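The first chain written gets the first letter, and so on, giving A, B and C; residue counts start at 1 in each chain.
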Amino acid sequence: MLEVTQLHLWRGDRHLLKGLGFSLEPGQLLQLLWPNGTGKTSLLRCLAGFTHAEEGEIRWQGRPVREDRDEFHWQLAYLGHENSLKDDLSAPENLRFACALRTHLKEAQLRARLDMVGLGSIDPHLPVRNFSAGQKRRVALARLSLWNARLWLLDEPATNLDAAGQAVLASLLQEHLAAGGMAVVATHRPIDLPGAHSRYWHLPGDTLQ
Amino acid sequence: MSSRPSALAAAVAVLERDLVLAARRPGEWLQPLGFFVLVTVLFPLALDPEPTRLRELAPAALWVSLLLASLLALEFLFREDARDGTLEQFALSGQSFTALLLAKTATHWILTGLPMVVAGPFAVLALGAPATAIPGVLLAVLLGSVTLSLIGAIGAGLTLGTRRGGALLSLLVLPLVMPVLVFGARATARAIAGDEMAEAILLLGSLGVLSLTLAPLAAAAAVRISME
Amino acid sequence: MNWTWLHRFGSPPYFYRFAGRWAPWFLGISIVLLLAGLYGGLVMAPVDYYQSEVYRIIYVHVPSAYLALMSYTWMALAAAIGLIWRIKVCHAIAAGCAPAGASFTAVSLITGMIWGEPTWGTWWIWDPRLVSQLFVLFFFLGYMALRSSIEDRDRADRASAVLAIVGLVNVPIVHYSVDWWNSLHQAPTLMRSDGPSMPMAMLWPLLVMIGAYTFYFVAIMLMRARAEVLRRERGGTWLREELARAA
């Protein structure tokens, strides 16, 4: 459903992505295990549409992404290095405002999701500024899992997560893949998802099967 | 899969979010107003407070203060959202990015521009203008400050993430908004003198309409480029 | 529109060769025109009734003012094409226009002041044309300041392109508002007659000078843009071959 062909990307003088290609089907997880500085973030941001690839094509559901960017973005959930949370808002408020652009959700669903990521016992009025880095990451993960997006692009989602947090990440990914979603995840260490169809990409120069 | 909210619903959500955020940090939003009052007060102090001189000075003092205070306010139009990554999520939401940014600009104007619009008549009264001038001054400052916000948003977008932020923003925006100053000050002078101000107001209004049509597109393009 | 022509121009090697070949010609023509225009304006043209010899400064002032505006327009158009069709050579051209354009504007302002001093007794008068030129200078300076303050080169190209386009839309508005402002109090203006109302003997050197400045601008723009392309493409294999061939 996601097809990338012959992607070339330059940043200034540096030829970062040299003719990359891969495809991803529903239920599949692509783990980018490239070394630092080889373009993991650049690839994810290019897929998300922030940067323009000089050559190559990205197709979603058979159609080039550039034909209907808004539709593609609506089916996409991106998590970068920043959590994209407002420090002055509480966790439920952050979720509510973020979801208001995407979908119609009830308050109860937001609360349930916060429970699921292990933040249910926190005062619902506490501003996110007071959360630890790991807790903030969990809120961000909760947010994107509420969107019903078919494609997840996650840039080092396990940053700042303790063992419990990583278990939460794994279960969210499981749930997403089982529902027919797909994900491209840049990560330092492989994420262990028993039963899921994981493909591992160790170096940008490798070709994927 | 649930349906996508309409563009209007999304814009309203952004507006609500920004208002809630502003309510939690009221001090920040009053700074431009404070600056506006302060600069307006400095003008008569720089001259002798002879009544007719002050009245002649009033349009210039009002509009220069408005311009400078608006520039101050524009610095934080997009800054926070760009820093914490929220702006990126707006771009990826599937909603019209232009509409969302316009909603942000509108909220920003309500919080920073509108207080100055309300303060404007008081400022000119303090500078010796007759009370009959108030409706005209109000209208001129209203039209002018909306246009300032719209054009200023372009500068705010272009300077996102640059090192020199504030000074560069002023250098870029001031030449673009000079016509607002010219028409607005003239309209204010006419209002104070009791003369016919329709021409100046119409010119201000046309600038406003032109800005409303074109500026949001440029601002959205500028912000997108800053996220590349 | 002939797309192949545009795409050919957009290729850095083609532009590099084109600019290298033609810039000297443009420069040569501009020097010839400059000499002709200066001779016609300073020696041959008759003395003006009101302003005697001082008016001759128009032969430097008017072409500079005209080129200031033309170079800004050219810069904004190149930047727009580069932005919309993502052609990097266009951004190099736009970058090449800015310093030249700013210089023309500065020359126009300085010669305007030189003209104004003996004529009106002050170094600066709020003549609408001078004020418009001043704002065009601000637009150029803003463009260059924005470019230099963004580190990533592609982002700098594209952000300054947006600014240039916004500025271009604004130029007529600024011009109109300055004229409107000036009409309110009928301040003295520098040029009491311009364009076709001038006698032919005074006019033709002016046109020749405008031509000289135009060719000069194109030459400078080509040379600067070529240098910019050289800098950007320094890793390219085509460049190594090109330099080898030139050696």
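Here is the rule we use: a residue touches a chain if its C-beta (ideal position, glycine included) is under 8 Å from a C-beta of that chain, and two chains touch if they have at least 3 such contacts.
In this text, all values refer to a predicted model and were calculated from it rather than measured experimentally.
Enquirer: Count the touching C-beta pairs: is B-C or A-C ahead?
Expert: Comparing B-C with A-C, the pair joined by more C-beta contacts is B-C.
Enquirer: Going by the average position of its CA atoms, which chain sits the greatest distance from subunit A?
Expert: C
Enquirer: Give me the ID of the chain with the smallest distance between its Cα centroid and the all-protein Cα centroid.
Expert: B
Enquirer: Provide the C-alpha centroid distance between subunit A and subunit B, rounded to the nearest whole angstrom.
Expert: Subunit A and subunit B have C-alpha centres separated by 37 Å.
Enquirer: What is the distance in Å between the mean C-alpha positions of subunit B and subunit C?
Expert: So the centroids are 32 Å from each other.
Enquirer: From the mean C-alpha coordinate of subunit A to that of subunit C, what's the distance rounded to whole Å?
Expert: 48
Enquirer: Would you please write down the residue numbers of subunit A that are in contact with two or more other chains?
Expert: 52
Enquirer: Which positions in subunit B touch two or more other chains at once?
Expert: Where subunit B meets two or more other chains at a single residue, that happens at 228.
Enquirer: Enumerate the residues of subunit C that touch no fewer than two other chains.
Expert: Each of 152, 154 in subunit C touches at least two other chains.
Enquirer: Any idea which subunit B residues touch subunit A in the complex?
Expert: Residues 1-5, 9-10, 13-14, 16-17, 20-21, 24-25, 84-86, 88-96, 100, 227-228.
Enquirer: State the interface residues of subunit A toward subunit C in the complex, per the touch definition above.
Expert: Checking each residue of subunit A against subunit C gives 10-13, 52.
Enquirer: Residue numbers of subunit C touching subunit B in their complex, please.
Expert: So the residues of subunit C touching subunit B come out as 135, 138-139, 141-142, 145-146, 149-150, 152, 154-155, 158-159, 162-163, 165-167, 169-170, 173-174, 176-178, 180-181, 184.
Enquirer: Quick check on the complex: what are the subunit A residues that touch subunit B?
Expert: 48-52, 70-76, 78, 80-89, 93, 97-98, 100-105, 127, 148
Enquirer: Going by the contact rule set out above, which residues of subunit B touch subunit C in the complex?
Expert: 154, 158-159, 161-164, 168, 171-172, 174-176, 178-179, 182-183, 186, 203, 207, 210, 214, 218, 221-222, 225-226, 228
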